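Worksheet for the structure shown next.
Chain naming follows the written order as A, B and C, and within any one chain the residues start at number 1.
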Amino acid sequence: MDNTNGKPIVEISGLNFWYGPKQALFDINLAIQPNRTTAFIGPSGCGKSTLLRCLNRMNDLNDEQRIEGTITMHGMNIRHPDVDVIELRKRVGMVFQKSNPFPKSIFDNVAYGLRIQGSKKNHLEERVESSLRRAALWEEVKDRLQESALSLSGGQQQRLCIARTIAVEPDVVLMDEPCSALDPTATAKIEELIQDLKRYYTIIIVTHNMQQATRCSDFTGFFYLGRLVEFDTTNRIFTNPANKQTEDYITGRFG
Amino acid sequence: MPRRVNLAEAIVRRRLRWGEWLVERGVFLVSLSAILMIFLIFVFVGREALPVALGRTNNSRGQKPIATSEIPRIAPDKLAAYLGVTAADMKSFDADTLRQLVELKGQELKEIANPDARLNTTRWSLMVEPYRWHGYDKAEYIWQPVSEVPKFNMVPLIIGSLKATLVALLLSVPLGVGAAIYVSQLAKPALREIVKPTIELLSGIPSVVLGFFALIVMASVLQAAFGYESRLNAFVAGVALGLTVIPIIFTISEDALSSVPKAYTHAALALGASPWKAAWQVVLPAAVPGVFAACVLGFGRAIGETMVVLMASGNASIVSASIFDSCRTLTASIAAELAEVVFGGDHYCILFLLGALLFAVTFATNLAGDVVVHRLKQQLEGKH
Amino acid sequence: MPLRRKQTDWQSLGFTAATGLMTASIVAMVVIILGSLAWNGAAQMSLRFIFGGTKEGMFDAAQAGVFPMIFGTVALVVLMTICVLPVGVITAVYLSEYARSTSAVTRVIRGAINNLAGVPSIVFGLFGLGFFVQFLGGGIDKLFCGGELHYGKPALVWAAATMAVLTLPVVIVATEEALRAVPKGLREASMALGATRLETILKIVLPQALPGVITGAILAVGRGAGEVAPIMFTGAAYYLAHLPSHLSDQFMNLGYHVFVLSTQSPDIERTKPILFGTVLVLLVLTFLLNSAGVIVRSRIRARARQAHG
């Protein structure tokens, strides 16, 4: 798909990030389009996950971190002191590399975020069902919602985590290598899901798997050693990259 | 689905979460309780000991007898104090009665044959240096708080504590460290599953039970085996004390030995060393800090142990070099004598002083030992 | 050059045997001690012994009962647990969830906990006497009882408080271990959904760590049931006509009873059976508690290894 001409939902400008004394991100500038999937690719340790975690301020939970630059969502600087981090995280959800369902029932997992928000009980069942449907998990679990989430397979657990994340109706869904711990069948299911979910949410996905980026994403950013080397539509990046480094990476000369 | 509120607007309505903030502060304050407790122990044990520690007490009964001829020259309140009566009583005495009382008091004072009564036996010098008391041939260290002239020399108690602790360490260090070497380096791993629970079992035995066992069973057995005179002495107490301390020395030494990287052992074995040589020449030297810390902590535990020594040491405060003589430790003295002291009196203060001394010693040994153990734990966790 | 036939390494053999012997002798000593105590104590066991009181005769092996001591010991540890669990768990939660490991305050707190663990038990007794009985108790009497002597003397509540201070490190260490065993991913998932740290702790972390908290409580109780020195002057008594019914009452105690009976009874031969019986009851009590705590703790450790490994 070509460039949309909507206003970007997330804009990152001049972002620098340090873990203690070590700088992990250097002058990142990019814009994320709404209702599209954007992929961050690059060799391990190049800062993709770090950048992702800046977007919902999960990095705040680290003891020693320093950040400079601005990240705005819908024009609002998310690092502004008036910003409520808790609210931010309700609107910017995250799915982790290793699925981490709570040791509770399937229903309670999905309902967790809703209960935190204070959703009324009668709404809960509807919302849980619609989230599970959207995460393509409803048919498999509709008869055993009270069973423990840990009884599900790896792929199902990850879809449960996705359902849990979208249950609170975020605007943006961040996915940090969501399929790296899954087998190909489960991976395929989730990739299908991602294609579908961008109708409702803006998705930013970090992935090691270049094929996954070509399959799922509309835009791709290639990162190397903490710098954003190139950012463009997925089509352009993978067929006609402007930067030699990008070309070397996608053709497998390193990585 | 409809967008409720714009993202930017939603997140900018920052909620001041009072409850959360309060809870966080509260949790922090409660966590300071450990520090508070140490501080309070320091303060409240020290507070009772302070009068003696600062030399403000004086239990001398040394009063020069007042001759009846001096009565007119002495102020009435001083006379009242001398006679031990109140001012009101003084007013009720007529001159004759007064003279009689003064004579009687003079006689009474002359009868205190013991010149030591005039001493302030709560002076620091008498508490730590030997003194030739009235009726003794030479200077001695004597702890005899219940007596006509109370003697508060701490040296017999310190020696008693050290004797029992020495015996305990002589028993527990070789056994504890030896067993730790065997279990962690030489034996089959399956053996660990038998020995470790056994040692935990040992550490779970209350010290009063070990003291009881020492008193009733061990004392007779040991006396029959070694043929010494006193049934309860530093040796018996030391052996029982050693049993209390073995779990600490074993556990920490074993942790220290296990945290030495296996690579060292494998390298030594690959070079042709036997398991024992590898353990003795490679692993043990690397684990020395931990083993040393184990001994220091064991020492702290032994010096501070009360029930075992109270029941098995004989509680005789004598200064002697032989471990087969009865002894009296600092801890046992406090436990044995606190029940009978006058609240606030000199003896009471001195017992608290002994407690403060114990606290200081164990504080220091634990600080030293824990610094090393902490470093060890970091190594262990970092490795795994 | 052909390899030489293996020669016996006498030195190695000798030292291995020596350390093996050391290990065996420790195990043997434990077996002997426990065995003889169990053997001698079993003879005295009977329902009457366990449930009977001391009204008929404390020195008569045929009539003595240890129920008041069991009751007193249980009352003591229950009260102690009520005091120590909240403080210990909250401190562990702070250290594990809120504190920054590098901050100076955190290190001082940990140092204080380690030191508390090493304080001699008699010093706790002195502290209990000086602080709880005289300062707090005396203060309460002055402020609320018009100077009458209610709390300014050895009492169940002060002994329990003293024991709570003594067992605080045990609870903190066990709880912290359990909290650390909860995988970090769960906390992250919760916070990424917009939960506050407190909500995460209350809804996810603490429920997962509950077995560890229980372990800490059990181990503390196991320790508290056997200590004598801290309660000698803060509340334990040798003979009481009634069971304690108020916090300000004194109480009888298994360990204290063993101590007094061993060292102050007029006819040690007569009281020996009673002593062995009491000791056995005390041992069984502490061992049941300690084993329960150890079993729960090893299950937690196994689960932690699964989750993190």
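Heads up, the rule we're going with is that contacts are C-beta pairs under 8 Å (C-beta built on N, C-alpha and C of every residue); 3 or more make two chains touch, one makes a residue touch a chain.
In this text the structure is predicted, and so the values were computed from the model without any measurement.
Among the chains present, the centre nearest to the common Cα mean is that of C. Of all chain pairs, the one linked by the largest number of contacting C-beta pairs is B-C. Compared with chain C, the chain whose C-alpha mean position is the greatest distance off is A.
Note: centroid distance chain A to chain C, computed from Cα atoms, is 49 Å. With centres taken as mean Cα positions, chain C sits 20 Å from chain B.
If each chain is reduced to the centroid of its CA atoms, chain A and chain B end up 60 Å from each other.
Listed for chain C are residues 196, each touching two or more other chains.
Among the residues of chain B, those touching two or more other chains are numbered 17.
Counting only residues that touch two or more partner chains, chain A has 86-88, 90. The touching residues of chain A, counted against chain C in their complex, run 56, 58, 61, 63, 86-90, 93-94, 96, 98, 100-103, 112-113, 116-117, 161, 164-165, 168. Across the complex, chain C meets chain A through its residues 100-102, 183, 185-186, 188-196, 199, 203-204, 208.
The residues of chain B lying in touch with chain C in their complex are 17, 19-20, 23-24, 27-28, 30-35, 37-38, 40-41, 44-45, 47-48, 174-176, 178-179, 181-183, 186-187, 191, 194-195, 197-202, 204-213, 215-217, 243, 246, 250, 274-277, 280, 297, 300-301, 303-307, 310-311, 331, 334-335, 338-339, 351-352, 355, 358-359, 362-363, 365-367, 369-370.
If you check the complex, the residues on chain C that touch chain B are 9, 11-13, 15-16, 18-20, 22-23, 25-27, 29-31, 33-34, 36-37, 86-87, 90-91, 93-95, 98-99, 108-109, 111-127, 129-131, 135, 165, 168-169, 172, 196-198, 222, 225-229, 232-233, 255-256, 258-259, 262-263, 268, 272, 275, 279, 282-283, 286-287, 290, 294.
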